[in-house]
């Protein structure tokens, strides 16, 4: 399980760095600015999780994460440079990063013996904070708060599924894969069909 | 004193969750979005305080706070749903939350043996950060920085009063009640009469 | 070296508090609002560094930093009150604060045995976060993300120089002064000549 968490974490870091650089590039940021946005997107969620749990921050003790984030960012920058890109291209890798980080974050919190409700929220935080940082730094409205996106909802549903499945006896690894699939599926369906939850007040006519 | 701090803390969490959901609801956020804004408003200030003091984050070690914040948010959501509400309704509970959190935060920092000036700032941070997060997430200008609101000023005055009163020999509990009253009174008077402090430059003619 | 770090740190805190109050004053904030922005600008970068490295937060364990930040903010407030000021006046002290904080942050991270790439990023974070907080609180676009400013780039170049110079045998103190000079020079040249790095896409015609 620890090896799976490590490799899934590295993939999630690379995917999120890619979305950060794509988004920053659309805003005419320069190379270093785009790289920093990529690094913040890749490492932001896990950093907040580690601070809240009072763990060592994952990328401070293991430089590999930082090197992967910078490399993925650099490769993205030069691969897509001077090519016109569809503006919503980064939404698919963003959904993959959301699914991977949510499950990694929940699992790490469980292993750290956080209470279950706290662990599910740590999963949501690990999943969404990187993207929120990216959107704030790029001056977009954070995806997590847009109606009809089920962003945090998909993450929370996946995190809770992981916890329930482990509780009823499924193996940690199988639960992790099911949880990731739930996050990804819900998020993609929400993007495709604009699924919505109830709101506090009816829209003004 | 510890029991008082615990219960006042729970009330402050519930009150701040309510203000977060009310504000998020005005912005057409959906159920999960409004709940997350409520949770951030309720837990944000104390979280920053605990990170700065290197304490265990209060809601990570005791799940009760998170359950209270989610419950208060859910009840608020369904209680006010589909009812037209005056836009500034949340300012009174917001002032109550500011007073409670400021005093709890200052007292916790003092018990943690923080120097007095640091302790007073921890009170201000505990009091205002939740509301600042709420306003940023809801894309409002943070109340704390509006002129004629005495938001941080009221919190700082109450935190310093608490410290001075304890220093001159008043009991911790009596000092706490007086400090809360000072924050609440100053904040309500400032809202009512638009009290102001000096600014750096005169307004342009 | 420790004494140098301490004094350079205090000067950097004072300079950054000054830039925060100047910027807040332009936005018609009142005395307490401007002081809080000054304190956040002065202490923000080092706070994030200490949290990431799991050190005690520097100004919580030594109240001197907070007193210096508040005093520098108060003096600035009353020194420039009611005088018309050129809007970009704070850019020179801002560049000095960037240089001082970047080198202090990198050196502290190295002494804490952070890996070299992490240490260089800690320098950048210590240098830029205070100014980013100031710009967000004052509702400006953060300088660090403006094109043709080489803000983070100057900091990163200086931090990496410090590390390389120490590695090839230069004394820590000499490396620190050279690193500071590199940050300051690059930043001032970038401001003067609008130096730029490559961007992801060509500007739209």
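Order of writing sets the chain letters: A, B and C. Residues in each chain are counted from 1.
Just so it is clear, a contact is a pair of C-beta atoms (placed from the backbone, for glycine too) under 8 Å apart; a residue touches a chain by one contact, two chains touch by 3 or more.
Nothing here was measured: the structure is a model prediction, and the numbers come from that model.
Because contacts link each chain to all the remaining chains, their graph is best described as complete.
The rotation relating chain B to chain C, fitted on Cα atoms, amounts to 120°, rounded to the nearest 5. A straight line joining the Cα centres of chain A and chain C is 29 Å long. Annotation for chain C: residues touching 2 or more other chains are 51. Against chain B, in their complex, chain C makes its touches with residues 21, 24-26, 28-34, 36, 39, 47, 51, 56-57, 59-60, 63, 66-67, 70, 77, 80-82, 84, 137, 139. By the touch rule above, chain B contacts chain C in their complex via residues 51-54, 114-115, 117-118, 121, 124, 141, 144-145, 147, 150, 152-153, 156, 196-203.
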